[in-house]
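Take a look at the structures listed below.
Each of the next two complexes has chain A plus one more chain, namely chain B in the first and chain C in the second.
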Partner chain A sequence: MLRIYVWGYLAFLAFPILIITLFAFHASPALTFPFEGVSLRWFADLWADPNFVSAFKNSVIVATVASILTSILGTMVALALIRLSPKPRAALSFISFAPIALPGLFIGASLLVLFDRLGIYRSLVTVILAHTLFCLPFFVEAVRSRVAYFDLDLELAARDLGATRWQAFRLVTLPLLLPTIIGGAILSFALSFDEIIITVFVVGEQSTLPFYILSLLRRTVTPLINAASVLAIIFTLLVLMLAGTVLWWQARREKSARIGEGVVG
Partner chain B sequence: MSTTALVELKSLGKAFGNFVALKDINLDIQRGEILTLLGPSGCGKSTLMRIIAGFEQPSSGQLLLNGSDMVALPPEHRPVNMVFQRYALFPHLDVFDNIAFGLRLKKMPETEVRDRVRKMIDLVQLGPMADRWISEISGGQSQRVALARALVNEPQVLLLDEPLAALDLKIRQLMLAELRRIQETTGTTFVYVTHDQDEALVLSSRIALMDHGRIVQLATPDQIYFQPNSMFAARFLGETNVIEGIVTSIGKSKIHVTMSDGVIVSSQNATSIRVGDTVNAVIRPEAVVAIADGKRTATGPNSFKAQLKSVVPIGGRLMATALLPDGTSVRFQQPRLDSQVNFDSGSQVQISWPEHVVSVLPKET
Partner chain C sequence: MEKLKAAFADRRERSGFLLAAPAFLFLVALFIVPSFLLFIASFWQFDNATIVPTFTLSNYLEALSRRAVLYSTLTALKIGFWSGLISTVLSFPVAWYIAFKTRSNVLLYLVLLSWFSSYLVRIFAWRTILGTQGIINSALMSAGLIDKPLEFLIFSPLAVIVTLVHIFVPFTLLLLLSALRNVTPDHLDACRDLGGTRFDILRKVVFPIAYKGIIGSFLFTFILSAGDFITPQLLGGRSGMTVGFMISNEFRVSGNWPAGAAMAILLLIVFLAASALTTRLFRLLRLAPGVRYHPLQNPASASRR
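Presenting the complex of A and B:
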């Protein structure tokens, strides 16, 4: 019974992805069965569309920069959380978590007003800033649990053994937090890559991938949407796999360095 | 070698807001000794240690090392290393790299680093563990790594913050012996923080007994055990009998304390007591001798008839409580060779103790 439920649940989750993927390779523009043969024509069409190529490129740029910015800011928040005593820590956690509960519409609209007031033109820069704002609470939430049991004595021990503040951070705190930070960065990348609601408000002339897909939808229902979505999915999966490989490789390198015993400090 | 103390604390104080953590601490730490800071939690011993390590700044007073002021030095520049209570070993490094951490920061050539780490690993008997991750070793082994990681830097002072608190009893006893051996081998000055009187008594050259941010008594373990200078000291270290009385005379070498059932005589030095004061005479249970009544009659001071209230044999020892006629209870302890000596509850005994074991202390401190 449980087994059936689990399979049903997985099917429910994966079904839309399967359908979209299936029709992305459909030879005919019809989004209905029966299936009339396999083709890559929609992908070719997409690739021929300069709007798609630039939107895709923009999304990669935005997601990359936004996740890096988020990681830096978020790590600083995490370091503060490590040092705070329980009460202010709970307060800061709550405040940084609060934007998650705000509707994206609200954030988008207020950013639109803010940028307008400050005289900042809407461009990829405003999108990056908005996405950083959007991702930060998720990042902090993702690293919070790891930070909660970080032993501050580790930093003191490093200082005691001759490390300056900076060395203690670089040699002890950062390596220990790095897997968590990378995890948060990947999450931020994925969130930014398909963010649409806030983007609608702050985007300039340069479009992002979700925005491009949305604008396709506004004209007609075209199979191009399927192809673009499939590409987005594949790209996200690739990023996740890459990150996983990096982490795995890093663990392996540490292990072999340990066996070789030749680590130079 | 100069004759001054290695570390000198001069009227050192520390306050956190309104809370006074340390008050007027004066303490000289001698080269090569094991000085224990002993006291209940919250007495300021850990704060004092963190000030020596450089993690906290004193609010007032001086901290000297080899005669020169150390207060302005950040922890990384102090020739002092610490063994943390929960070890604080770096989980992303293996045993070897943990121990090598301090040497590599000093940019020591790698061959020399390996040499010194190897020697240290041998000293703390961790030979086969060098390649293990920190998560792969036991508590006792972690303790050894923490010791090695600190000692490899050849600190002038090694600070140990309750280093055995996280270990179970058997390993704790083993590690106590190990600490002694390592201290004797290296000759390093140890400052040892603990709330455990047994650890302090076994390990220390001297004990600084602390309470409420002050050093209550600074003395050798024997002095502090047999001649406590306050009720706090008497009660904190081991079990004691407390008998209330009034000082009737203070002679050259003897103090007489009169209580309702007789006179107690002490040959210890009088400290801040005067004739007429209500005082406590303090006697350790193991200093009390009991014999079955009738074999000898009670004569003279420090000898009393008493009635046994309870007798508890604990293997080779006998723990018993006797009541003096006025109802004061006296606990005593003696070795039990076999069941020949049969003290029964309710029977009459005669208890006595020598003069030199009696400490006469002001009643309230």
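Presenting the complex of A and C:
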């Protein structure tokens, strides 16, 4: 009984996305059944639209830079959390979580006022800053439970053996935490690539992909939106799969390295 | 030795502060300061399409006296309430299933996968499904069940709620699942052994342990749905207009930030009140641990029994 319900739940989640994907390949502009044959014309139309191409490029740039910034700041926060005593730790985890407890509306509006008062023009830079703010809480939440298991004495041991602080970080801490950090970075990339609610407040003349899709959505109902959506989904999945492969490859390499050392020793 | 340990702890603490500094400054500059700025802007004046930084309460008085603001706030709260309730209730059995009935994580991954399909894509998908020439209407019409399209499916609060539920269901599942992980099968067995019914298990064991996740998942969805302005804009129609949409219009279209800021601050106060009320309600219904569960710490309630 529960099992049937779970299948129903999955179907509810998947159905709309399957519909979108199906109609992206529809030969006619109608978004209803009966299905009148398969074609790639909407993808070709999209590719011919310079607005789409530049929006896609901008989104990749924004998501890449935002996820790198988020990973640097977020990793430092996670490493700080395990060092601090309870009171400052509570304060830090509160302030680094607070931005997602509020609807994007508040964040977007307050950033709009800030940038205007400071005389900063809205551009991809403001979008990147806003996305970093938006992704940081997710990154910290995703990473902190793993970092909590990290044994600080390992760093101490490295220092004891004569490593500088930076060496201890680069040779001990970073390799141990890297899979977790990469996971958080990919999450941030996906979140940034999809973000629209804060983006509408801080975007300048250069559009992002969701902003481009939103402008299409406001104008008409066209299968172009389906095609753009499908491309966005496929791209996100590719990034996720790439991350999975990198992690898998790294785990395998580490394993074989360890076995190799064992033979030598 | 003790001295050495203390010195290490001290250094550890200091390096903690150093590590936290960049993110802390970033959050102060882009979250704390702007939030205050928004609060201050709500007292500014909007005069002849220019913003005058003075101090006036007129934005608040204006917002409180406008009917449209009141109605759109109520619509937002209604949409938020139903989205929060439905997504939490829908996800609860699935979280239960993942926590207690299966060992594989495949189900969780499948749900997470759907999380990565964009927000706008889902809005568009539901527009395709619910529209007047959409899939449901055209299917019903070709089956001869209706003569003309069911208008209420699209451009209504209903369409907004369905879409928001679809968007937030993966979030609620994650929050509920991590809450249910605190309930061990031993807890359930103990309740059963003591003769508890299924309802008892839910009310006296699961809710008091997992209440934070349950309230959290409802409130999270409630606040984000009620504050959403893009779904109502695209699917809400006239009757589904929310205060979030009005606020975003003040900022992005009319340029009257002080009015938008005042409305935003008022909405924030409403959200805080709603959160406090929900937690309170759980206590009253005795679904969250209150004094009743800790009679020793509270002698007054113990003696009353």
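Definition applied: the second predicted complex is superposed on the first by the 261 of 265 C-alpha atoms of A that agree within 3 Å, B and C clash if a C-alpha of one lies under 4 Å from a C-alpha of the other, contacts with A are read in each partner's own complex, and residues count from 1 in each chain.
The working rule: a contact is a pair of C-beta atoms (placed from the backbone, for glycine too) under 8 Å apart; a residue touches a chain by one contact, two chains touch by 3 or more.
Since the model is a prediction, treat every value here as computed from it, not as a measurement.
Taking chain A as the reference, the larger set of touched residues comes from C, when chain B and chain C are compared.
By the touch criterion stated above, A:163 is placed in contact with chain B alone, chain C being left untouched. By the touch criterion defined above, A:172 lies against chain B but remains apart from chain C after alignment on the C-alpha atoms of chain A.
Judged by the touch definition given at the top, the superposed model places A:36 against neither chain B nor chain C. In the superposition on chain A, A:154 contacts chain B only, with no contact to chain C. Look at A:73: by the touch rule set out above, it reaches chain C but stays clear of chain B. In the superposed pair of complexes, A:217 makes contact with chain C only, with no contact to chain B. Taken together, the two complexes place residues 156 of chain A in contact with chain B and also with chain C.
Those residues of chain A that touch chain C in the shared complex are 2-3, 5-6, 9-10, 12-17, 19-20, 23, 31-33, 72-74, 76-77, 79-85, 88, 92, 95-96, 98-99, 101-114, 117, 129-130, 132-133, 136, 152, 156, 190, 194, 196-197, 200-201, 210, 213-214, 217-218, 221, 225-226, 229, 232-233, 236-237, 240.
Listed in rising order, the residues of chain B touching chain A in the complex are 53-55, 74-77, 80-82, 84-86, 88-92, 94, 96-97, 100-102, 104-106, 110, 131, 133, 149-150, 153. Contact residues on chain A toward chain B in their complex (touch as defined above): 151, 153-154, 156-164, 167, 171-172, 175-176, 254, 258-259, 261-265.
On chain C, the positions that touch chain A within their shared complex are 8, 12-13, 15-20, 22-24, 26-27, 30-35, 37-38, 41, 90-91, 93-94, 96-97, 101, 107, 110-111, 113-114, 116-129, 131, 133-135, 138-139, 166, 169-170, 220, 223-224, 226-230, 234, 244, 247-248, 251-252, 257, 260-261, 264, 268.
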